[in-house]
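After this come two complexes, each holding chain A, first together with chain B and then together with chain C.
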Partner chain A sequence: MTDWLIVLTIGLPWLGALAVWLTGDDRPDQQHRLAVIFSVLAGITALLLIPSTSDSVALRIDVGSVFGDFTFVPDGLGVFLAAVATVVGCLAVVFAVDYMDGEKQLGRFYSFVLLFIGAMVGLVLTGSILLLFIFWEITALTSYALISFHNDDPKAVAGGIKALVMTSFGGVGMLIGGLIVYAYLGDYQISTLLSRADELPSGVLAALAFGFLIAAAAKSAQVPFHTWLPGAMEAPTPVSALIHAATMVNGGVYVLARFYPAFEGVNGWTTAVTVVGLVSALMAALMALVATDLKRVLAYSTVSQLGYMVYAIGVGDIFASQFHLLSHAVFKALLFLSAGAVIHSVGTRDMREMGGLGKQMPFVRNVFVVGSLALAGLPILNGFWSKELILEGGLHDGPVWAYIGMVIGAGITALYTFRMVWLVFYSEPRAKLHVHPAGQMMRLSTGILAAGTATTWLLIGLFGELLEDTLPFHHLHVEAGTTLLGDVLTAPATYLALGVVALGLLAWWFRDLLSGVAASLRPIGDAAAADFGFEWLNRRVALWVTTAGESLRTFQTGSVNWNVAGIVGALIVVLVILALGA
Partner chain B sequence: MADMTAFTWMIALPLLAAPVIYLIGRLVRPDGEALTRWAALVMLGLTWIPFAIAASDLNADGVQTYTLGTASLRLDDLGLLLAALSLGLGTIVVFYSGPYMAADDGQEKYYASLVAMVGVMMGLGCAADLFNLWVWFEAMAIASYLLVAFYHEQPTSLEAGVKYLVQSAVGSVFVLLGIALVLSQTGTLDLTEIRAAAPESSIPLLAAGGLFLIGFGVKAALVPMHTWLPDAHSQAPSGISAMLSGVVIEAGLVALLRVLSALVGIGASWGELLMVFGAFNMLIGNLMALRQTQVKRLLAYSSLSHVGYMLLGLGIAFYAQQAAGAEGGFFHMLTHGMMKGLAFLAAGALLYALHASMGDHGPLTISDLSGAAQKYPWAALGLSVAVLGLAGLPPLAGFMSKWQIFVAGFETKNEWIEALVVFAALNSVLSLAYYAPLVNALYRQKPSDAVLAGGPLPSLMNVPLAVLGVAIVAVGVWPSLLDWLSGPAGRALIASFGF
Partner chain C sequence: MSTLEILMAGVIAIIGIGLYGLLITRNLIKVVVALQILVKGALLALVAAGEASGQVNLGQSLAITVIVADTVVAVVGLALAVQAKRLLGTLDVDALSTLKG
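For the complex of A and B:
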């Protein structure tokens, strides 16, 4: 039964991808319908998996040779994330029915979205590191294909290739991990690594741990690999919501959480994870503060929020990080989709041209504000509970300097969130924009997500129980849901954080009075606007590689004399090497 | 004289068929040229029968030997692998060439040379002594010169043919010198006897190994002996590009492995040398491909990097005396044959539709490809599957074969080799930077002028593309499908080291 549910949850979207593709672009209505049907079905099967979570292998396929067994383990962590991927996935598809209506090549769009959903489910449910890597790469490929969906636009093409190359570069870290586990422990099973990590030589285990950290940082857009995510915003907005906010970018956080028991003992690993999370959270929040493109603000905010999750893993609070992942997936998908409704309506992403849209789009404004309050961490939305859990855990188990940084980050988060809401929906209209009302499907999907933002924190007890029961290597002791919520409400840390959030809000409110302070912080703002130099570094690396390729061309002279000289030269070198070696 | 066995028929049939095909084309009037393609297809089709029998004989009774006078042919699992690759891709290419070459003059020469080349490569895989090996190797070169320079009115084709000829000849001289040295030192040419007769250290034999490495390395496109390859692969008719890249350079590699495995006992670091060449091939091939604007030239450079992966796997096998590396290297040889075959055939289909069928022998550029998917969906899909497979994206065949090589590298637990594997993986990432834009161009919405003006694509040409595309996905999903070829071939190579 469970094995069939797993096969269906991965297979239904893939089947849907095939069906949409075969339908052909001359029947767009049929394509919309098929995409919705298959993604909703996948969502249902994923939810049906929740009652059958367990820590044992539910499906095993013997691939033979050096490829080991492909296994699937429906444990709490995997099943929960599979549910997030499919449910947010089907909402994004529903949203796309309005958003993508009238676009050409719908088949390519939906096929890749559905392919992605299936791959994401596989990624979180598999128990084999090789298969994890395979799904990891498939999600990167679909992400690339969708970022470059408008592939007549050079920006979309460049953004797609950047995302593909950077995440694949990180993927090498995971590839090494898989190879090490197979070569030293004999199979690819995650459980093998978690139970026998201490058999690995310490240097090898360290390579493994840091390899996974690189892979995770690249996938989850953490410093210094975060630069691909803003470029990925060229994707159609439902894709940004699904892949680049709610699901794929969580892959890195998921992997860190999944392998934490094996790596926590590696010297310096937890500190490195904490620092990556802290720096990403703070830097990206600053970048969000100065960005003017609505989707970029949300992208930086995603990097920053993922930084919170990574930080939580660094301090050992796996439960809090995964709980925030759930909250963030819901409220960030909401923010992206409602931002998409705005962009679709007014035809620009530049917040400087917006303003006063709240009156014309009251529904979108309302749901966007719900998402924003959750992002800022105000009670009683889901973002509040999960962020407070992270900060509380950080205060107890992590270094104080990191905690202070994260609290400051929470303040900046509130500041940029209010700035964004204000620039888009309030203040005076700054440009004459023709506003269309949001479509029914857009309202439906954002409405559901807004309801989720207000309520998913109620799942805290169930989520904790599932993780505790089905992750034998993590030794989690999650308290009952009500206790956890009570703790959050009574902890002094909560009020400290809320105070900082209020400061952020006040800073935006009294921004005119604070203009002197703002001016003195100008250099930081400029540095943030320039992406703290990481973008420059990226370009240098790309330039260096292409220059190397270009200059090598001089050696392909096309002249036979030189070619033969090359052959003879190689002979001489080889003979010398052989003579020296003999 | 012993009785002809199945595997000798497998070699003889195409060789006997080649002159017949030529004569049909010359003598039968008025439709002789059209008949040649059917004759070629039927002959290669028939060759599958002795191939299948030989494969089952090999499986049942072990290595097959056929002796004629003092020369003998030996079919082992490595020979079978090369035979499967050349016959498989050869059959597909002959089928593909039907529509592709239909309008060209001199088809009788084309099909006769192609069929002969297939037979010769199968013979090369079965050569049991150095002299035989050299003769087959030269015969392969002769057949392929004719095919590379097939468009002999085109100056660029002729130039490519001449470079290929001259550089191969230099390589052949080195090989011949090497053979002379081996004969003078060991008194035998038989590969197994050389192994037995070779002293533990001998400077002339070391020099012979170096000469073999460079001499065969020219044909196997080891950097820096590769300089003939970009011209030859891009100027040849597309079916021939597929053969050159998918089988001919691999045949050179097999020849190299045969001789090195005979010299494995003389204490030289062949494995390390192969791995170093592999590293150069991967890096240089990728960097050169990065800046190419012509599709076939780009694919030609990518062949360099793929030879690099094979060298890595085989080098690991020589270094560690373990079969895993060789199995991975041979698996990659097979998947590369399928992927690069598909890439060249699909690119050729687009070249045909956009240029050749218009009577224009210009190159196919990446900007020509813009929007090609709308008009030529199958060719575009084929090219996309092929290059994504070459880039090593799962779940396509190329990922699985690269993975097997990487696993072998880590199993040595040697940190230098592990670092080399990481280097190889990073090279795959680098290769995405030129494969992805290619795919991207195909699916643009705004078609290029070439696509707008392009002619129709014969639907028969899509059949070989579909066959290869399905195979690439199937092997990617079910990697043990080709184990029966690559596994025994890898073990045969290790066994031939004689330890």
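For the complex of A and C:
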């Protein structure tokens, strides 16, 4: 039964991708309908999977001794993320019915979206590192294809290539990790690595741990690989909501959480994870504060929130990290989709040209404000509970300097969130924009997500129980849901964080009085606007690689004689080595 | 000198001739001929290795497979040479490299 549900959850979206593709672009209505039907069905099967959560292998495909068994394990972590991927996925598809209406080549769009949903489910449910790598690369490919969906726009194409190169760089690290595990333990299963990690030589295990950290940082857009995510904002907004906020970018956090038991003993690894999370959270929050493009603000805020999750893993609080992942997926998808509704109706992404839109689009304003309050971490929305859990865990188990940094980050988060809401929906209209109201499908999907933002924290007990019961290697001790919520409400850390959030809000409110302070902080703002030099570093690396490639071209003469000379030379070298060795 | 050693000396000689031909010639037909000589050396090595390791059947059946594949190479290569001469008027492989990119 469970095995069929897993096959259906992965297979239905893929089948839908094929169906939409075969329908042809001359029948867009049919394509919309098919995409919605298949993605909703996938969402339902993923939700049906939750009751049959277990820690044992539910589906095993024998593919011979070279590749090991392809296994699927429906444990709490995987099933919850699969549910997030498919449910947010179907809402994004529903949203796209309005958003992509009238676009050409819908077949390409929906096929890649559905292919992505299936691959994401596979990624979180599989128990084999090799299969994990394959799904990992499929998500990278679909992400690339969808960022470059408007392939006549050079910016979109450049953004897609950048994302593909960076995430594939991480993917190679993961493949090498899988091969090392196979070489030493004779198996590709994740459970083998988790249970027998201490059999690996410590140097090899350290290389593995840091390799997976690089892979995760590249996928989750953490420093120093974060630059691809703002570039990915050229994608159509439903794609940004689904892939670049709610699901794919969580892949890195998921991998860190999944492999945590194997790597926690490695010297310096947890500190490195903490620092990556801290630096990402703080820097991206500063960049969000000065960005003027609505989608870029949301992109930087995603990097920042992912930093919170990575930080939580660094201090060992897997449950808080994954719970924040769930909350963030819901409220960030909501923010992106409602931002998409705004952009769709006013035709610009520049916040400086918006303003006063709240009166014209009250529904969108309301759901956007709900999402923003969750992002800022105000009670009682889901972002509040999960962020407080992370900060509380960080105070208990992590270094104090990191905790202070994260609390400051929470204040900056509140500041840029209120700035964004103010610039878009309140204040005076700054440009004459022709506004038309959001469509029915847009209202439906953002409405459901807003309801989710207000309620998913109620799942805390169920989520904790599932993780505790089905992750045998993590040794999680999650308290009952009510206790956890009570803890959050009574902990002094909560009120400290809320105070900082309130400070952020006040700073925005009295920004005129603080103009002197703001002027003195101008250099930081300028550095943040310039991406703290990482963009420059990127360009240097790209330039260096291209130059090296160009200079190596002279070796490709294309002349038979030279090629044969090369072969003979190599043959002689091999023979000499053999002769010396023997 | 054992039979195997004599055979191996022959293999090295034939392969050497083939490689030398590939190194110096620019004529397409001569390239194909040199390639054929090279592969014949490899064939001899296969048969000799089969004899030496006691797996005569394996060595000989591999050799026959190589002969078939090699014939295809010769046929395609010579057909290309004929067409190149007819269309471009030359057999010089360097002059044929119009696929510059």
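Going forward, the second predicted complex is superposed on the first by the 549 of 582 C-alpha atoms of A that agree within 3 Å, B and C clash if a C-alpha of one lies under 4 Å from a C-alpha of the other, contacts with A are read in each partner's own complex, and residues count from 1 in each chain.
Keep in mind that, in the parts below, contacts are C-beta pairs under 8 Å (C-beta built on N, C-alpha and C of every residue); 3 or more make two chains touch, one makes a residue touch a chain.
All of these numbers come straight from a predicted model, not from anything done at the bench.
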First (chain B), second (chain C), both or neither touched by A:Glu550: first
Touched partner set for A:Leu130, first chain B, second chain C, both or neither: first
Touching partner for A:Val564 - first (chain B), second (chain C), both, neither: both
Which of chain B and chain C A:Leu505 touches, first, second, both or neither: neither
Dominant contact partner of chain A by residue count, chain C or chain B: B
Contacts of A:Tyr144 with chain B and chain C, given as first, second, both or neither: first
Common ground on chain A, meaning residues reached by chain C in one complex and by chain B in the other: 558, 560, 564, 568
Sites on chain A touched by chain C in the complex: 558-561, 564-565, 568
Chain A-touching residues of chain C, taken from the complex the two chains share: 19, 22-26, 31, 93-94, 97, 99
In the complex with chain B, residue positions of chain A that touch it: 63-67, 104-105, 108, 130, 133-134, 137-138, 141, 144, 148, 151-152, 157, 160-161, 164-165, 168-169, 171-172, 175-176, 179-180, 182-184, 545-546, 548-550, 552-553, 555-558, 560, 562-564, 566-571, 574-575, 577-579, 581-582
Footprint of chain A on chain B - complex, ascending: 162-163, 166-167, 170-171, 174, 201, 203, 206-207, 209-211, 213-214, 217-218, 222, 224-225, 227-228, 230-231, 267-269, 273, 284, 287-291, 324, 328, 388, 393-395, 399-400, 403-404, 406-411, 413, 418, 421-422, 425-426, 428-430, 432-433, 436-437, 440, 443-446, 478-480, 483, 487
